[in-house]
Amino acid sequence: MMKKILNDPASYVDEMLDGLTAVHPELYALPYPRVVSRASGAVNGKVGLVSGGGSGHLPIFAGYVGKGLLDAAAIGDVFASPSAEEMADCMRVAHGGAGVVRIYGNYGGDVMNFDMAGETVEFEDDIESTTVLLTDDVVSAKPEEASKRRGTGGMVYAFKIAGASAERMADLETVTRIGQKTADNCRSIGMALTPCTVPQAGKPTFELGADEMEMGMGLHGEPGIWRDKLKPADAITDEMMDRLLDDIPLASGDVCSILINSLGATPHEELYIMYRRARARLQDQGVRIAMPLVGRFATSMEMTGATVTICQLDDELESLLLSPCHCAFWTVMQ
Amino acid sequence: MIFNANDIQQAMARLSSAANEAKDELNEQDGKLGDGDLGITLANGWAEAMRQQLPEDDLGKAFLMISKSFQRACSSSFGTLVATGMMAAAKSTKGRAEANYAEISELLAAARDAMMARGKGELGQKSVLDVLDAVVSATAGLSNPGEMAAAAKQATGQTLDEFRDKLAGLGRARMYGESSKGLDDPGMLAFQRMLDGLLG
Amino acid sequence: MMKKILNDPASYVDEMLDGLTAVHPELYALPYPRVVSRASGAVNGKVGLVSGGGSGHLPIFAGYVGKGLLDAAAIGDVFASPSAEEMADCMRVAHGGAGVVRIYGNYGGDVMNFDMAGETVEFEDDIESTTVLLTDDVVSAKPEEASKRRGTGGMVYAFKIAGASAERMADLETVTRIGQKTADNCRSIGMALTPCTVPQAGKPTFELGADEMEMGMGLHGEPGIWRDKLKPADAITDEMMDRLLDDIPLASGDVCSILINSLGATPHEELYIMYRRARARLQDQGVRIAMPLVGRFATSMEMTGATVTICQLDDELESLLLSPCHCAFWTVMQ
Amino acid sequence: MIFNANDIQQAMARLSSAANEAKDELNEQDGKLGDGDLGITLANGWAEAMRQQLPEDDLGKAFLMISKSFQRACSSSFGTLVATGMMAAAKSTKGRAEANYAEISELLAAARDAMMARGKGELGQKSVLDVLDAVVSATAGLSNPGEMAAAAKQATGQTLDEFRDKLAGLGRARMYGESSKGLDDPGMLAFQRMLDGLLG
């Protein structure tokens, strides 16, 4: 039995998007059934930023449409890619005459469909577009095959930093370069304690013993890489930080931001406890933390667990990360 | 022996009910090393396709309608690959009201190649591509429906057996390394269930 | 077994507060171990606004410390009142010379301790103070005994509206009047699907069948008033709206805000589905909705479920609700 | 017969271990119509109190220390009420190194009154106040420890029996109406467990 508040699983996504735009008509519009755009539409002369992917990850994807962030997002069924046609519409809506950057996570269906969509709008609408693919999840492939890794929390940094660059009216090449640099500088890892339920499937995505946790768990409940008895918060955080810092060694004087993200059910309280430890680890190495992010930034509906993302920053990226943005889920003030 | 849009329409009804029957099994298999949506993907895709009234005069348009149905109804990897394969078949049959059974192997080969281009996958990586490729070879040169059916079933079963203990190299399953050994690739299994449903 | 990410249950609250202030040093300070204040301290000449209560409800209480909201909050153990001494310290920290308003929910322990604290600071520090008590939860007592009701989501409106009044430098009497009017205009009801675990207790606060929901559930897992089979979102929302509108009949032309709040695990996606229905109900009655709030505003850690709060607004309250505020969990822009 | 700070110190050890033993039971009972923290409240309160070294020369200061321990360690309703009661006892014994058993009933009455003022509760609402009040009456006029113990136990048990099937009128339990009938008030039960622990 699924413990969710919904009507018909088949209308879950559409009712959800309808509700989202009804709550925030000043922020979001729904020009197509599965395309969310800024209420004010495309910005003339600005590079358009789009993302997209399955539902069930709010604020990702639709939530991050807003000033200093995305221009539009294409939304699929829960954990399923939107269609190429929806993605093409999304790019058309975001196009302000200066081209469009597609920033999203490396998942088979999404990549195939966004590639199709890119070909379509180039052919039909003469829209120039580029791709920035997030491959930040370190456990999902060895470093030699880093380009095959899936994308998770790193998307948040890429949306924010490339979004700020586009908002400053940088050109397509620059926004793409900055987005790609951000993507290259992100490393993530996840862990989960309890599953979530995909409405149309109606049962939990995985099972775990009452005292177990799964390290390396993916954003869709893809099984993790190793299972362990539930450990204290500091030990969990250490294990995650070890993996991240193995993959992106940070030296004294380096600067990074860090995202401690809840997969949904894990409350802020527990994230703060994790942050304490993560911060201590970075400070031990002489790394300066710029604008830590702690909260629900990339979820899997009601899954219990957390992801940690490190985003290494140079001056250019740091300044863009700190610049203002506004959507229903995240405001950075001037 | 030839087939036309009407045959495809009837085939879709069989495929759709096979997909419904295999739905839970495929979700479960996909859930072992993936996101557990493959059964839904197929069931939704064929249900949407079945709702279309295929045009009688152009097999190309008929395959295109099936492709668009999958694009609309299920855009996960497998759905998009099916859509891609159907699009390739559409290109090969454009403007013709009928096709010959002897062409089927070529149509499948065209689909296989388009799917490889779209998904950047290779043969040997334990995916639906391998089983498709095996069926292309097994049916090449045949034109008798009964013989083709037997050859396709045999090739499919054999490919599943061959790959079962190999490492997954594509899609979500890829990242589980050793633990993918011993498990059937859900996409291959889906192909088998569809084939069985189609051929009865 | 408890599926939580923490170290020692005994240090849960302190590590949580330490983490919160470490993430947002520009917003929050911790002048005493269990007192959170604005980083910038009390505002000279402004009425101080304080709240307090048990941990486990973030953003309530500590999260709402910020410009246009609270000046300080006293934080107890999970679901337990802070001590009178901590509350007294909290009031001292918030005092800018113009008196202090205590705004909090009607729970036995909190009331006893805040009363003690008020007597203490009046006696020891000559601080004039008043109380605004939230009693918005309609199922917790009959209308005849409305003053015995517990306080839940209404606190969010009272913090925001009284906070805006104080920020406009209104005097103690005015801020108290406005806070009380807000409290009087709020009605709430909750429902829950799965429990949460109090770290020091180590096991779930209640049990529910796999297909059951509990209507009228309290913020601490106090059993609800009736149990039912899990129903569709619209039916649940209707049942909650019926109870609320029975208690505060709204007429055509009336204005209200509505809060659809997750108790923790219930994702935004489901809240939007509920909002759709709640909005339809209000619109049917000709009621105008001003600034709907949908999200996690008052939680019970990882509990699954939702609360709905209606706050009726007149021009004065509406203008204050819409005025700017900023904390880590809620920003209303100019 | 008299008692001093040393007797209280020893009593606290017994109360603390009784609270630990009854912890789960009281949490559970409180959880039926409340938030399930009463066992923790008491265990933490007495543990904190037990850590204090009570001054030997002033019972008032000793009771004040216990009051402050409860204020610090557990500020839920019951903890605050205990703190309030101890504060009342502190006021009554201020400056004295010893007190007489014959005074105990009055000390309890002072505690009861202070707790009613603080919690705005009345007698008859099925709370710890009722059991406290019954013990005040039962021990009034007595000075023999054995007799007092027996009277207190008897009054406590009888009060629990009397109120079991009544409606709760105070605290979180109040709002459950009919369903509070048949359930012991957790605060009364806590009182009984403490008394049993104290008296052995």
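Note that the chains are named A, B, C and D in the order they appear, and that numbering of residues resets to 1 at the start of each chain.
Keep in mind that, in the parts below, contacts are C-beta pairs under 8 Å (C-beta built on N, C-alpha and C of every residue); 3 or more make two chains touch, one makes a residue touch a chain.
Note that the structure is a prediction, hence the values are computed from the model and not measured.
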| item | value |
| --- | --- |
| Partner chains shared by chain A and chain C (touch criterion as defined above) | none |
| Chain B and chain D: spacing of chain centres that average the CA atoms, whole Å | 74 |
| Intercentroid distance (Cα basis), chain D paired with chain C, Å | 32 |
| Whole-Å separation of chain centres (CA-atom averages), chain A against chain D | 54 |
| Overall pattern in which the protein chains touch one another (line/ring/star/complete/other) | line |
| Pairwise chain contacts, counting only pairs that touch as defined | A-B, A-C, C-D |
| List of chain A residues in touch with chain C within their complex | 1, 3-8, 12, 15-20, 22-23, 55-56, 58-59, 63, 193-194, 210-211, 230, 232-234, 236, 264-276, 279, 292, 294, 296, 299, 301-302, 304, 306, 326, 331, 333 |
| Chain B residues touching chain A - in the complex, by the definition given at the top | 27, 31-37, 40-41, 71-72, 74-77, 79-81, 84, 118-119, 170-172, 174-176, 179 |
| Residues on chain C engaged by chain D in the complex (per definition of touch) | 76-77, 79-85, 107-109, 112-113, 115-116, 139-141, 148, 150, 198, 200-201, 205-206, 218, 220-223, 225 |
